[in-house]
Amino acid sequence: MNPALSYRQAFNTILKRDLKIALRHRDDIVNPLLFFIIVITLFAISVGAMPNVLMTIAPGVIWVAALLSTLLSLERLFKNDYQDGSLEQLLLSPCPVFILVLAKIVAHWLVTSLPLILLAPLLAMMMNLHPDGYLALFLTLLLGTPILSLLGAIGVALTVALKKGGVLLSLLILPLYIPVLILATAAVEAATMNSPYQGHLAIIAALFFASLITAPFAVGAALKVSTN
Amino acid sequence: MNPALSYRQAFNTILKRDLKIALRHRDDIVNPLLFFIIVITLFAISVGAMPNVLMTIAPGVIWVAALLSTLLSLERLFKNDYQDGSLEQLLLSPCPVFILVLAKIVAHWLVTSLPLILLAPLLAMMMNLHPDGYLALFLTLLLGTPILSLLGAIGVALTVALKKGGVLLSLLILPLYIPVLILATAAVEAATMNSPYQGHLAIIAALFFASLITAPFAVGAALKVSTN
Amino acid sequence: MWKWLHPYANPEVAYQFTGKLIPWFNGIAFILLSIGLFLGLAYSPADYQQGETVRIFYIHVPAAILSMGLYFAMAIAGLSALVWQLKLAHAAIAAIAPVGAAFTAIALITGAAWGKPMWGTWWIWDARLTSELILLFLYFGVIALGNAFEDKSQGAKAVSVLALVGVVNLPIIHYSVEWWNTLHQGATVTKFAAPSMAMSMYIPFVICFFGCAFLAGSLICKRFQGQVLARNSLRPWVKQLALAEDN
Amino acid sequence: MLNASNLTCIREERILFDALDLDFQPGDIWQIAGANGTGKTSLLRILAGLMEPENGEVCYQQTAIQKCAEEYHQDLLYLGHSPGVKSELTVLENLKFNLQLCSQDTEQCEKLLEQVDLFGFADTLAAHLSAGQHRRIALARLWLTQAKIWILDEPFTAIDKLGVKRLEQRILEHADQGGIVILTTHQDLSLPKSRYQTLTLERIFS
Amino acid sequence: MLNASNLTCIREERILFDALDLDFQPGDIWQIAGANGTGKTSLLRILAGLMEPENGEVCYQQTAIQKCAEEYHQDLLYLGHSPGVKSELTVLENLKFNLQLCSQDTEQCEKLLEQVDLFGFADTLAAHLSAGQHRRIALARLWLTQAKIWILDEPFTAIDKLGVKRLEQRILEHADQGGIVILTTHQDLSLPKSRYQTLTLERIFS
């Protein structure tokens, strides 16, 4: 019998494979990013030449765009793997499932959310966000988007085997997303008004750690149910 | 040899099948609708308790939401058929391809856009849209969403065989969508200010007929290229 | 405790046990609700600030608290379904979800009706209201997910996971009034140490609350029975039951 | 009736076949054989008009198939690796749709179900069938079609022995009525040797 | 080593099998036979722990497989209808990923490629392979795995004759080294009759 893979190695193997597929596919990276840009530009276009209106709605628009683009990219997280049978193979691997799942989620976040976070300041500029809000926007995105990925993964895992997965997915995870959205926009708005937003940030951070610790297990359990 | 199907019958057969699948799946109907509602509610939540701000951005938000939800539902138009081999079978059917394509597009519009149009007034109310804008909103949606479906179909047909279809799709069709978006929001805004908007509407109608006549042929040609 | 519980983990025993509970629950709920509502709606004093509208309180708060409590109960059922593979817990989840959703809806509607005179608007996007709305969506999600699976037990397991995850929303609802400054009233009845409220209001409230709780219990038992039957339709005792019904 | 001249197919810079001349006459059964990746599927797709050859052309009744697409498609039945069965529809609905596209009345369904051994599954979603049953839905078309030319890519995949026997019988019957059958399979056909011809594609090392 | 007791499987209210007792010993080759839709795939999935039976349990070395998931998965190789080949990766990348998950060094790849007859396709995307070649990538795992229990669902699908022969040899070799092979196939195995046992599932009419 060959030596069992260390957890670290297993994590790395999956992470690398997923990143490679994403880079090959490119879609996975460019799509959410493009979607993010599109939503924001379309708003800028359609709300038009009212800079002060734009300014007030900027934190909301940017965060909603980020949330939507995460939501849409989520389906890919397990769908392809489910269809071509890789998911079964992962579940049958000797490693604990939660490690593999975590690797997949991290890869997903790196591919979909990180570029988006890096691009956000530019779009914030387009949306006329108040300069004091930049740091808050960056921090909330940095802490908030992983929560979206982690919680979303649970929803995807639950619905991956269902033909009518899509709707359910939104129905299942949006309720879980809304608190993050409210907290984050509140934080950015507070920042633009120069009031303290550390409290909001602390709650977001707490949510992040809580979901980081629990979500992989929930996803593992959900995947087992789905492939049954 | 059995008598060839009349074009009418062929159209009906495909239309009925697609509608049946959509009703069975339900996803296809509820998903874009839910997405539409979600986008609007998320905005309402994140822009928050500023009714007058909501009011000014209402036409834009509603149209952007409609556009996005069409954009997202488009991929389904040919994707499933491509994967399970039905598309090949359709291309091999004795009927001219453009008829089958038209049937599929009509089914798609009925399933995704119609419910959305019917629901729009309710959401307009939530968004505090000025009462004078309702009729204009309804008319622009009624004429505008078919354009979105028709043009979108060309993009989907071109990218259906590509693994990395999604990005391309948005890139290909968004430039075509933006004029419709600008015209439509301008029309609704004009209506809320009680100025005439028939001019805008006429241009949208012209665009609609032009795309109705040309798009099915373009889609047919694109599909043949894709399955090669 | 397991030894004591074990016999009730048998579907047939559980079915009969809940069957015996229903009439009791019904009776208690009826008595408590009639007393409580009489005291609350007719007898207790009108509030010096809020006037007669304060009487919505006797429906609104029990419904709101139960909406959360039932969700918690559902989550516990989910946990036992996942950890101990308890098949009855599947039926319990399916039984609780719609009842919980109904109480959530009642809390929302009565809250909105109360909000109009108090705050001048039916709805605002504030934290407590939004999170209660989210709770309703969570219930919908649970119901829809359960229905989406053709395979009942597979669906139940999926639902268990979701119910557990959704529990995070409960503290958010409860503490939202402290974390955010909102229009909504802070904790008054649920401060255990010293309810900051007149006894003439507190007692009818408590009676109403337990009345609602027993009503919920009876509804849930009824639904639970149906679910147990549906999930065991191939078992002989169910067939016998059906035969007895026919005769 | 159907013939191909000078066909060349190149995929990924690999020559699969070169200057292939084929002539199919009514009553013929052709088995295209060859190892994996030698171009059987590619050849069938070219013959069906789904793919364009690098060179050469396929003619139906002396007309290039691109020119007489409508008639050719009327007379053609192609079943590929993925056979166009809709998982979201039930077995019966799938069959009915196929019947309607051939403009036949939908009353034969019951009989058809029996023929492909799916009796009792009429109202099951295709997604809930086993691999073989799923393919059988597509194969049912062989019993209802009036097309003369059948192009079948590995029709026996996932089908059990009894099913294979029935299929072979149906194929023979069709050829006896003056049809043409072109198929690939990695199993041996149990038809009489004299009834079918084999074309073996070889791997060309370039 | 692996045994199942009292297995019952119900799908869509149809009883597929009932009170099935199985015992697999080192060196065994089992063919699960039966018509389409009799529950072969379902049985294999239950044995692999991917599906839960309605009743009964599967034990590996006297422990229920849910309880010793890690060891069992270490010793198990399952290949289903869709074999988990990533179309977006090249052949080589697919193989390497599989090797890494078994924590083996990735130098054997070249040899492996030859073994499954994909030499020269190393850098082709899996999406651009023929049906058979695509499956061969998954089958390559049979040559590199050190798992003792192989559960193979129709491993010969789309594979050409030479390929089937090689596979059978590999299966025999594995059994001779004390492994267990459980497979389904609709073709006849050309192994010596004495070397394998057959379990035939019947359709139960209820």
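Note that the chains take the letters A, B, C, D and E in the order they are written out, and that residue 1 is the start of every chain.
Going forward, a residue touches a chain if its C-beta (ideal position, glycine included) is under 8 Å from a C-beta of that chain, and two chains touch if they have at least 3 such contacts.
Here's who's who by UniProt: A, B = Heme exporter protein B; C = Heme exporter protein C.
Predicted model, so just to flag it, every value in this text is computed and none were measured.
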item	value
Length of the shortest touching-chain route, chain A through to chain E	1
Equivalent interface positions on chain D and chain E, same or different at half	same
Closest chain to global C-alpha mean, per-chain Cα centroids	A
Remotest chain, chain D as reference, centres from CA atoms	C
Whole-Å separation of chain centres (CA-atom averages), chain D against chain E	29
Between chain A and chain D, centroid-to-centroid distance (C-alpha), Å	45
Centre distance in Å when chain C and chain D are each reduced to the mean of their C-alpha atoms	59
Contacts with 2+ other chains: residues of chain E	12, 81, 87-88
For chain A, residues that touch 2 or more chains besides their own	25, 163-164, 171, 174, 178, 182, 228
Contacts with 2+ other chains: residues of chain C	130, 150
Chain A-facing residues of chain B, complex	25-27, 30-31, 34-35, 38-39, 42-43, 45-48, 50, 53, 56-57, 59-61, 63-64, 67-68, 72, 163-167, 170-171, 174, 178, 181-182, 185
Footprint of chain E on chain A - complex, ascending	1-5, 9-10, 13, 17, 20-21, 24-25, 81, 83-89, 91-94, 96, 227-228
Chain D-facing residues of chain E, complex	11-12, 34-37, 39-41, 81, 117, 121, 124, 128-133, 136, 154, 157-164, 186-187
Residue ranges of chain E in contact with chain A within the complex	48-52, 70-71, 73-76, 78, 80-89, 93, 97, 100-104, 146
Partner chain C, residues of chain A touching it in the complex	151, 154, 158-159, 162, 164, 168, 171-172, 174-176, 178-179, 182, 186, 199, 203, 207, 210, 214, 218, 221-222, 225-226, 228
